[in-house]
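Just below is one structure, and these are the notes that go with it.
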Amino acid sequence: MLYRETGQFRTSYAADQAIFPLRQDRIGLAAIALVAALAVPLLADDFFINTIMIPFLIFALASIGLNLLTGYAGLLSLGTGAFMGVGAYACYKLTTFFPEVNVLLLILLSGFFSAGIGFVFGLPSLRIKGFYLAVATLAAQFFLDWCFNRIGWLYNYNASGAIEVPTREAFGIVLTGPTATPLARYMAVLALVVLMTWLASNLVRGRIGRSWMMVRDMDIAAELMGIRLLRTKLLAFAVSSFYCGVAGAMMVFLWLGAAEASSFGINVSFQVLFMVIIGGLGSLLGSFMGAAFIWILPIVIRAVPATLGLDIGAATVEHVSFMLVGGLIIFILIAEPHGFARLWQVAKQKMRTWPFPY
Amino acid sequence: ADLYVPLLTYRTGAYAGSGIPIADGMHDYLAMLNERDGGIGGVRIAIEECETGYDAQKGVECYESTKGKGALVYNPYSTGITLQLIPKASVDKIPVLSMAYGLSAAAEGETFPWIFNPPDTYWDGASAIIRYIADQEGGLDALKGKKIGYIYLDAGYGREPIPLLEQLAQNYGYELVQYPVPGNQMQNQSSQWLNVRRDRPDYMVMWGWGAMNPTAVKEAAKIRFPMEKFIGVWWAGGDDDARPAGEGAKGYKTLNFHGVGADYGAIQDILEHVVKKGQSKVASPDKVGENLYNRGVMNSVFIAEAIRTAQELTGKKEVDAVDVRRGFENLNITEARLKEIGLEGFMKPLEITCEDHSGHNPVYVQQWNGQRWEPASEWFEPMTDVVRPLLEQAARDYVQANQPWPERAEPCG
Amino acid sequence: MGEILYLILIDPFVQMAELPDFFLQVLWEGFVSGILYALIALGFVLIFKASGVFNFAQGIMVVFAALSLVGLYEAGVPAFLALALCVLIMLGLALGVERLVLRPLVNQPDIILFMATIGLTYFLIGLGEFIFGGEPKVMITEELLLPTGSYAWEVMGGLVIFQQIDIAAAVIAVVLMTALGLFFQNTRIGRALRAVADDHQAALSVGISLNQIWAIVWFAAGIVALATGIMWGARSDVSFALQIVALKALPVLVLGGLTSVPGAIVGGLIIGVGEKIGEIYWGSMIGGGIEGWLAYFIALAFLLVRPQGLFGERIIERV
Amino acid sequence: MSATSASPILEVNNIEVVYDHVILVLKGVSLTVPEGGIVALLGANGAGKTTTLKAVSNLLGAERGEVTKGSILLGGDEVQSLDPNELVRRGCIQVMEGRHCFGHLTVEENLLTGAFTRKDGAAAIRADLEMVYGYFPRLRERRRSLAGYTSGGEQQMCAIGRALMARPRVILLDEPSMGLAPQLVEEIFEIVAQLNRESGVSLLLAEQNTNIALRYATYGYILENGRVVLDGDAASLGSNEDVKEFYLGMSSSGRRSFRDIKSYKRRKRWL
Amino acid sequence: MGLMTLERPGGKRRRHLDEVLLALEGVSLRFGGVNALSDISFDIRKGEIRAIIGPNGAGKSSMLNVINGFYQPQEGTIRWKGRERRRMNPYLAASTGIGRTFQNIALFKGMSTLDNVMSGRALKMRRGLFWQLVWIGPARREEIEHRRRVEEIIDFLEIEHIRRTPVGKLPYGLQKRVELARALAMEPELLLLDEPMAGMNLEEKEDMARFILEVNEQFGTTIALIEHDIGVVMDLSDRIVVLDYGRMIADGTPQKVRREQAVIDAYLGVAH
């Protein structure tokens, strides 16, 4: 019985409602925090930080955004990429207008723009449901894509149509642009992601999170219990897009350094959806696990032949990695349709009863 | 150590059709140098392909994962990836060779010391096409009142030439009609070509890539557009772009700045030293010498020559990226040198200077005869006088938009 | 202001009237693309109808089928034998998917099955490129005895051009849809399909063999994919870029209703014609290239009126 | 009379069922349905009745449950590994708890899907359809409306009728009386008994309405917490004191009013 | 929790049977050709237990749906707490004190029992997005306060042991009980129960009856109840409406209704 909760009594409702009521969970969390904030910066090289940690965290945030919408409020969206794009372009315009302002603030502010856009594209959700709604969000995806391409103002009429991140700082440290060190960018990303994850976890365990889940599980019953569907759904769209928008802004400003419309294409939407579902719908922890899996797995697969000294062509590796990723996704869904989050729960359940099977 | 040259290529995805022959050409020439000469200056080249799928994120990932291994130069083969790498280049001190693609303004060596885009920028290409059209019509004055259609991939790549084409339209009085093709509509261009049919432009200019090209050629044939008045940029000139349209594609033209075919010493060496030994990935030996294959070869010629120049300049054999940048900036491929490396007549001599990283080099027009590409014009110069000031302005704009942009610190020479 | 209104409300119609032959051509092109969209959508509908699975892999199945055909031909197999072999390949695919993907996922939520088909998409992309390489291939139109010429029809002082291959596509599409429509409508199997889509577990409990049903529809969808692949391949080329086109089937699908074979046709035609007219007569006002999203907005407009699409099954809301 | 007197058509031997790999629900349940018998499965909420029935008809897979131990014999053959449709083909059909009609099919189409496995021709199927309509005239009235829009009781009739359409040898009925008007409950049991008498259909019946279940059943099992705690023929069960008190609501003073339960319960708690 | 039963004075409960809480007048509801309800008029008085019975498909559930605004009747008016409405809407109904349970359980399947019951408090919780995000402070205080009420209800209905279980996995009978808990959490004035005892055995029905009675007496909640178990209906209700094919065929006290021939013919079969 490795994972024992006996002996840990919750004496108040407040304690019972803590995010991690169990001591073992709290210890685990502290360990992860320590690794993320200390071990990674001290030990990891630039490649690890730039190619694995930063994008992983950013995608985890985007997954949380989509998870709020799809996992909690039950509204399927295929427009995540575009909403991330709105955040990125908004942030770009903001830095153009307010070059002196703390760039982290601007990144957060840009979330409001995508929240607004998300709100607008959420409007049809009152009438349209399920896969039909997914098409409405695809409309957003393709329309916004087109806007990023066609509206020159968005990219300051740059001839190549791309947005390039200027050098900006926060608290006297250069955070964006080519001269920003990976470490500084990593710490900024980590701080923002931790902050926003904490906010999200607050949100989903309270009244609003519950009203989303009500709408997800049975919208008619929710309505009959006094939930105003449109409001609730729109709030979900807005908050979710906010998260995606911030993730998009971070993606361009703290990771890629430049982007064009195609950086926010439908593929990104699918990628994030994958993360959410593999991680587990309706689980914030799952968002992290899903993001880690979907982002890191192909990198690992690509690295394997080289480390083994095998001379397989880059293209072949890519083909195999496609097959592996596809196959693994199916495999995981079969093994546990509720994703890693559930797998983790079951594992905990087993640990609780260990060494007995039930 | 070896000379480590990562190649960012794409043999998968929607643009693989254009990406594969280029990747083959790039790889095979370098491999041939290893086989035939034991590398460059006696040092072997370590070639590593990294698959980008023409995707900016994966491209950056490739960059990050290879730069630590001592990469000497990057060839992103995607305007999107190039744009991401431009600011990184001066920080990481690794030159970027974006051969006739990428940011046109990067030709300004004073502003972009780490970026090289020889032999021509997109603006050179656009101006060359206009000049060619004018020649056909009997002089620049004859352009007045003409209607020129511009069909392009609606992305950074296709949009890059628009300011120049608009500028020239003002100068010469032709009308420019634009037909954007969204990336997700590449294979479904009937609307664009219906519009073409209605607007009846006198000429069509195309900036296409990947699956967009063969579709466009087919559609043009379908609406019975006179193919000899349909002119693509050099990237729209793959053999597989014209071939699917069969007879209908006969007469289709594109720009080019190198020879096609396998009748060059170096290409023959590739066949002998690489393809025959089964070290190449080409699907069949016939593909060697096709237009985009040769483009890849030319790209590798630049790399190899830059490294060789760097070796000469520094006197060391195992040069690093900073040296290679110098090598590029002092690159001077003369007639004699071309002859030496078995590429006589393959391209025009080319020289890169600190101010001009591109060179506004001559181009020619080739035409599809139903089987293969044939030259359809003499070599001629793009409109350097128009392009140059625009490039300077664009570079200034870029710097303006990306403040603080580092001043050039690298000495010339 | 007045000028803008004129441009939006009047001028396009003036244009249509001025060049009636061109308008006819636009309609024809719209019709043809509509038919092609409908073909892709048909594959989706078959599977959705039978299992409630939104099969994202339909697009890649189109590519895969076409690639196998051309690949086999290039490997020296005669055209029609290659066609027959392709049918077998699609059968194998259907059986494999049923066995390895669907069967273990019985009774899971729609979105999980949807995800699994995206996984399948990745797998097939990898496998396809692994076997056939990424180079585009030329469809063996003539070898399959499909016509390639065109007819020009002089009318209203102009010319309307009909590609023979497009006419063939229309004919094949109509034949396929009628056949499938008849097969699946009101027969024992048809009823079973809809039952499965409603409730996997209950379908099992009355003795409907999900395995068999799924194998059948996936095979049917595979055949449709093959036909679609040949037609699209003849229009441009056979490459992995084609799968993007398949996304166009989504608005068609929801407009017609996810479960309706006739809906796929009508939806296809509405979207095909609608987006052509929109692009040609209105698109250039805002810079062109609006086809990418116009179809979705057309579909959205219809959905706001009928949330289940034109011919879709009513969404049952009860407590 | 004991259950073993006739040859058993259905035998469940000591099965264990686990959901999600961790939740053990049935802990060794054994039961026997004799050929032509009506066997009732009784028990409180959550005792595992539904799970037992689903284990027999092999529908657990769809809920991530599995039989980890024991065996199930239908007509002497092991059937745990058979597909559900194969079971139906062999004449064993389940009426699921909670109706599970196909909402987007009309009532008549729902009934017809019940005949999916039958091969005896359209005429026979039509005849049976008429038979079902004869049993449930309400269904005939609503035959053209989508099942999803019919009332709860109508759906229940539809689900039962659908199972009858398969001409089964064994029917597993999960709470057939749920949501039906009292008259209809009687009727349904009448119908079931009639089928049993006339066509020798065997029945395994999970039912909360103990009263009526024991009236029609020949034998009964009482399930508690995933275990069989009591079994016996219907008469002896009906006269068992505990069963009387907790399942039939009869005390020595006859039926007690629901109004009085409160104080009664309180008293029981104080004890 | 103050649910200790008071000794009932002389076995009679105190009622305000004169005060009409809800009245339907001439309500008709049609679906295409089906007349689910035709010209129904009846009232529910404050504090009573009102049963609605009738054969399957009579329109009972539809009636509840009309009352809380899920169906809009084609004709007729609804008078709720003295205000006349042409039609009700679900939000209004919920926010002015109509709570309900459903015939086909409509719980939020992905949520735990506790969350389901908490969801009944949705209308009573006020803290906005900002405080919810911050959590510490007002939002948490509010949550805890409501949690306390919810725990009381959970204790009352004796479902403590399944507090954390996802409701989708509960057996049918317990799901019904959770649904009742959720409705109670809304603290409704009028509680609509649609077959609360379906699928329960006697013991469980007795429990349920006890809960219903206690709710009615302790909170003074008015209850409208649909149930097919005639014993339950006759014992619990003060007045009964009988529907048949959308028409109302009887209305009155149990003693009166059980003797009416129309009711016996249409529903009871035999006199109870």
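For reference, chains read A, B, C, D and E in written order, and residue numbers begin at 1 within each chain.
To be clear about the criterion, a contact is a pair of C-beta atoms (placed from the backbone, for glycine too) under 8 Å apart; a residue touches a chain by one contact, two chains touch by 3 or more.
These are the chains along with the protein names UniProt gives them: A, C = Branched-chain amino acid ABC transporter permease; D = ABC transporter ATP-binding protein.
Small disclaimer: the values here were computed from a predicted structure and weren't measured.
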Going by the contact rule set out at the top, which chains touch both subunit A and subunit C?
-> B, D, E
Going only between touching chains, how few steps reach subunit D from subunit B?
-> 2
Going by the average position of its CA atoms, which chain sits the greatest distance from subunit C?
-> E
Tell me which of B-C and A-D has more C-beta pairs in contact.
-> B-C
Give the label of the chain whose average Cα location is farthest from that of subunit A.
-> D
Can you check how far apart subunit A and subunit B are, centre to centre, with Cα atoms defining each centre and the answer in Å?
-> 37
Distance from the CA centroid of subunit C to that of subunit D, rounded to the nearest Å?
-> 45
Between subunit B and subunit E, what's the gap in Å when you average each chain's C-alpha atoms?
-> 74
Mind checking the centre-to-centre distance between subunit A and subunit E? Centres are C-alpha means, answer in whole Å.
-> 42
For subunit E, which residues are shared contacts with two or more other chains?
-> 61, 70, 102-104, 106
Among the residues of subunit A, which ones contact at least 2 other chains?
-> 142, 145-146, 149-150, 220-221, 224, 266, 315, 318-319, 322
Residues in subunit C with touches to at least two other chains are numbered 125, 129, 134, 247, 287, 289, 292, 318-319
Which of the chains touch, listed as pairs?
-> A-B, A-C, A-D, A-E, B-C, C-D, C-E, D-E
Once bound in the complex, which stretches of subunit C touch subunit A?
-> 54, 100-101, 104-105, 108-112, 114-116, 118-127, 129-130, 134, 247, 250-251, 253-254, 258, 286-287, 289-290, 292-293, 296-297, 299-300, 303-304, 307-309, 315, 317-319
Of all residues in subunit D, those that touch subunit A in their complex = 18, 20-24
Residue ranges of subunit C touching subunit B (in the complex, touch as defined) = 19, 22, 25-26, 29, 32-33, 125, 129, 133-136, 138-139, 150, 161, 163, 232, 235-237, 239-242, 244-245, 247-248, 275-276, 279-280, 283-284, 287-289, 291-292
Please give the residue numbers of subunit B that touch subunit A in the complex, ascending.
-> 9, 11-12, 23, 48-51, 53, 55-57, 60-61, 64-65, 68, 79-80, 83-84, 86-88, 90-91, 103-105, 154-157, 159-160, 162-163, 180, 182-184, 281, 394, 398, 401-404, 406
Can you check the complex and tell me which residues of subunit B touch subunit C?
-> 11-17, 19-20, 154, 178-188, 190-192, 194-195, 197-198, 210-211, 214-215, 218, 222-224, 240, 243-244, 283
